[in-house]
Amino acid sequence: MSNKNDTYAYLLRLGDNALVLSQRLGEWCGKGPALEEDMALTNVALDLLGQARLWLSYAAELAGDGADEDSLAYLRDADQFRNVLLLEQPNGNYADTVVRQFFFDAWHALALQQLRVSQDPRIAEIADKALKEVNYHLRRSSDLVVRLGDGTEISRNRMQAAVDHLWPYSGEMFDADGVDLAAAAAGYGFDPSGLRTEWLAYVREVLEEGTLKLPSPEAWMQKGGKQGRHTEHLSRMLSEMQILQRSHPGATW
Amino acid sequence: MSNKNDTYAYLLRLGDNALVLSQRLGEWCGKGPALEEDMALTNVALDLLGQARLWLSYAAELAGDGADEDSLAYLRDADQFRNVLLLEQPNGNYADTVVRQFFFDAWHALALQQLRVSQDPRIAEIADKALKEVNYHLRRSSDLVVRLGDGTEISRNRMQAAVDHLWPYSGEMFDADGVDLAAAAAGYGFDPSGLRTEWLAYVREVLEEGTLKLPSPEAWMQKGGKQGRHTEHLSRMLSEMQILQRSHPGATW
Amino acid sequence: DAAEVRFQKRIDDGIRVEPQDWMPDRYRKTLIRQISQHAHSEIVGQLPEGNWITRAPSLKRKAILLAKVQDEAGHGLYLYSAAETLGISRDQMVDDLHSGKAKYSSIFNYPTLTWADVGAIGWLVDGSAIMNQIPLCRCSYGPYSRAMIRVCKEEAFHMRQGYDMLMSLCRGTPEQKQMAQDALNRWWWPSLMMFGPPDADSVHSEQSKQWKIKLFTNDELRQKMVDQTVPQAEYLGLTIPDADLKWNAERGHYDYGAIDWEEFYNVVKGNGPCNRERIATRKKAWDDGEWFREALVAHADKKSKSKLQAAA
Amino acid sequence: DAAEVRFQKRIDDGIRVEPQDWMPDRYRKTLIRQISQHAHSEIVGQLPEGNWITRAPSLKRKAILLAKVQDEAGHGLYLYSAAETLGISRDQMVDDLHSGKAKYSSIFNYPTLTWADVGAIGWLVDGSAIMNQIPLCRCSYGPYSRAMIRVCKEEAFHMRQGYDMLMSLCRGTPEQKQMAQDALNRWWWPSLMMFGPPDADSVHSEQSKQWKIKLFTNDELRQKMVDQTVPQAEYLGLTIPDADLKWNAERGHYDYGAIDWEEFYNVVKGNGPCNRERIATRKKAWDDGEWFREALVAHADKKSKSKLQAAA
């Protein structure tokens, strides 16, 4: 049962990452900077939402207390969410949205490669499906980082500001705690600290191509999201997301 | 009982006007354009909140079904709110906030003068107390309209844009329906259409002193708030305002 | 004019007009107006439903809604492309939308006040849209007719999803059912107005019919919509807000009450509840995105220059 | 220096220094730093609690919170005025805040994550603030001491309100009580850090004591705070997150665990959870308000000109 609890906690992180980022992307709907971009962004939002549903449904099964994807999404308070802080940061201008996505996609692809060979076949299966989508997300966000970085002076400045501003939220993705180590030891997950070198190398390469500067890898990093200590943004996001379920307890939609 | 229902509906309008505007003003807290202005604005928010509590408490007593000020504020959906559309409009830039306040204050003072001689002694008492506060609100917002209108070119443009943009929401305050006419007939309320001439004269005078143009009094006016048909803004405002009560049914705070 | 006669003859023979073909200037202009208006409606139409994406009450419904709004962007894209074949640029069309010169469907100037409105839009608004668009799959201008075929397939799907959403509400709690009824009350009349003014008052109609870019009259389509929708409402257990609505066995159609055309023209004129906001939202998105679009162009220029230099 | 000796003698005799009096430059600078930092703390301190005004769960609590945040703005105002008597302008102080040159209390770089945090701030943060400020009511600089008297009265009221808010939560549902415990867990250590570094590491202290602008050491005040708070937590039924906390009968005080000073210095350095956001929020408010402030000045200029003309 302790093992099941660890797996549950592990799945929540994967599901909440996808759910929270998808929710943020959904805020852009109909308001993006170009029609094609709107559609591509919604595609990413949809992929992530689909992944969130798979992770959370599996978590709900393990919890086995009548939970389902919706009760997990709509009836937990902010301190029960386990996404990394990076993903709950507000959309800001579009440069902030692109950089947030790029930092996460680069990690997400590496993470899913690990999970694809998980000893939990259900996790491996979800990761395999998700990886195909995330490879596309990463190509897209990397491409945007290059084009917007090496675009106009305005776009370079906005992108560099976004990189600098979001950088302190990038470290948490590699910060292993007990839940991660239990997952790695049991073979259904991995130790995220092992991904940092590869992530840094990739991010550095793409930023350089976009004429952007990588901030110091030794900079202080914010953390807490994976343990449920979030920024002030998450509870506001959830108040909007959850209001209907909270206002109509027990209703089916 | 039909009479009691009419009075209840009438009180909700008074209470919701005060509550919704107070909620909007609360969003500025700590973020206003100058320290003294922040404090004055919070004063107005506090006055309105106090008035809302008096009106809603009285309404709850009439409802007599265990309702109280908090159940009315926190457990009604948007279509049960009866405030005019003007007051739920977003804060915008500070000019929008000032003009929204000015249009309402000018009506509010006239309305409370009527209600102060209501044949319902409870209404008369609340109105008498509120009027003292609202006279100050009106002096303050009128003064700001003059100073910001006749300030710089930028401030005049912003103020005129705010006046033009909010103008179509001003007519609803004078639009009498069955609830108003029942109140006027029974002597506990008044017919709001009777206030329009005086309101227009006052608003015109202040705008002129602020070198601002009065839009056409014949312009098309939006309405529906008094009957529960709101703009898209209200439900968003309420999702934030109500989230804790909705998430913890039955809890005491 | 001989060319016009030949043009009309081809249309009468059911031959599609293609971009490179000669066409009368008025045909081109009418189509640009019609197609761009349709494209703008898809783009502006994202906003009322998009208003509920962040608040969708289940993850499944959220996914359906996201996909739907994305489809609308896609429809906008095909339709802008179809209009571009007539010699107008997308930037020009966007400018015309923002300046108020071009119109979009007035229905999107009504607010979405509850979650049930998302269902009602799918059922009624997409329902009316399909009724309008199915005949256009056979219209005389090739690119438009092909775009319509693709659009109609997706719209039919959206309509079923909207109906299904309302079905859940109508089988749910009393509050949910009330939400559905309230949405029907608010969306019914505007949906009927979507077909445009009564035939008697309709401009452009005769010529458009002859050119086969309009195949049924407004009133014909409106009647079809009423006939299709009444039994659907009955099945949901909802009441259509029209005291004059009743089956007319003689006509084989439902009779329905008088439409408030004053409201219609008023909303068209700019006085709807959301006209100002819809355009302001789109304009802000466009203005805020300017640096983004400029950067992509600047980057592409750099790349093509460096390719040229490499080639030289 | 004879003037300095006379100055110190007056202070030793308990005579208040007033703005027009001669004072050593370092006294002036130290006070400007201390008072403006205090003023900035009031202003920035509006933000974490202000975060919950729109979500306060009852109208009564909303009114209390609004009034409290307003009081903080008022405190900021008196304190800026007190600092201005020392020859610095408010605009200069605001600039120094925005540029990062001036500090504010690091506690406001922690986020308010639940409603219970509002109560915890009142109880613990205002509690620590009062502990710091009560002695300052007797400090040597007149305007500062008078501002402190007024501030302390209101802060004591805020502290009681915060405690009362937590009392409601602790007597409420298990979720509410958990919320209160979680808030205590997160705010306890930062509140103790508010008194500043341990005496051994504290700069400025000796001279400030001599000048009577600091009357107790950091550690003395911190001990007072612990002693006062432990029984209050017990009464609420909450557990202070310190395994080493226990009554020391010999000392007549509570012993408490080691404070993580690395965290403290890290937050002071700018790495707290909200440093960047707090300043960004204030700076945005200031920048967005520029047209407003300029307009008021422009209007006042016009009025005084027209008065002059009328008089001429």
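The first chain written gets the first letter, and so on, giving A, B, C and D; residue counts start at 1 in each chain.
The rule is simple: contacts are C-beta pairs under 8 Å (C-beta built on N, C-alpha and C of every residue); 3 or more make two chains touch, one makes a residue touch a chain.
From a predicted model like this one, the values you see are computed outputs, not experimental measurements.
The chains that touch both chain A and chain C are B. The interface with the greater count of contacting C-beta pairs, when B-C is set against B-D, is B-D. Comparing mean CA positions across the assembly, the chain most remote from chain C is D. Centroids built from CA atoms put chain D at 35 Å from chain B. The distance from the centre of chain A to the centre of chain B, with each centre set as the mean of the Cα atoms, comes to 42 Å. Between chain C and chain D the centroid-to-centroid distance comes to 57 Å (mean Cα coordinates, whole Å). Of all residues in chain A, those that touch two or more other chains are 77, 239-240, 243. Shared interface positions of chain D, i.e. residues touching 2 or more other chains, are given as 55. Taken as a contact graph, the chains fit none of the simple arrangements: neither line, ring, star nor complete graph. The chain pairs satisfying the stated touch condition come to A-B, A-C, A-D, B-C, B-D. Residue ranges of chain A in contact with chain D, taken from their complex: 77-79, 165, 168, 220, 222, 224, 229-232, 235, 239. Within the complex, the chain B residues that touch chain D are 19, 23, 26-27, 29-39, 42-43, 45-46, 49-50, 52-53, 56, 69-70, 73-74, 93-94, 146-148, 150-152, 154-155, 158, 240-241, 243-245, 248, 250-253. Across the interface of their complex, chain B is touched by residues 51, 55, 111-114, 182, 186, 266, 271, 273-274, 276-277 of chain C. Contacts from chain B toward chain A in the complex involve residues 77, 236, 239-240, 242-243, 246-247, 249. Contact residues on chain D toward chain B in their complex (touch as defined above): 43, 46-47, 50, 53-63, 66-67, 69-70, 73-74, 76-77, 80, 115, 165, 168-169, 171-173, 175-176, 281, 284-286, 288-296, 298-300, 302.
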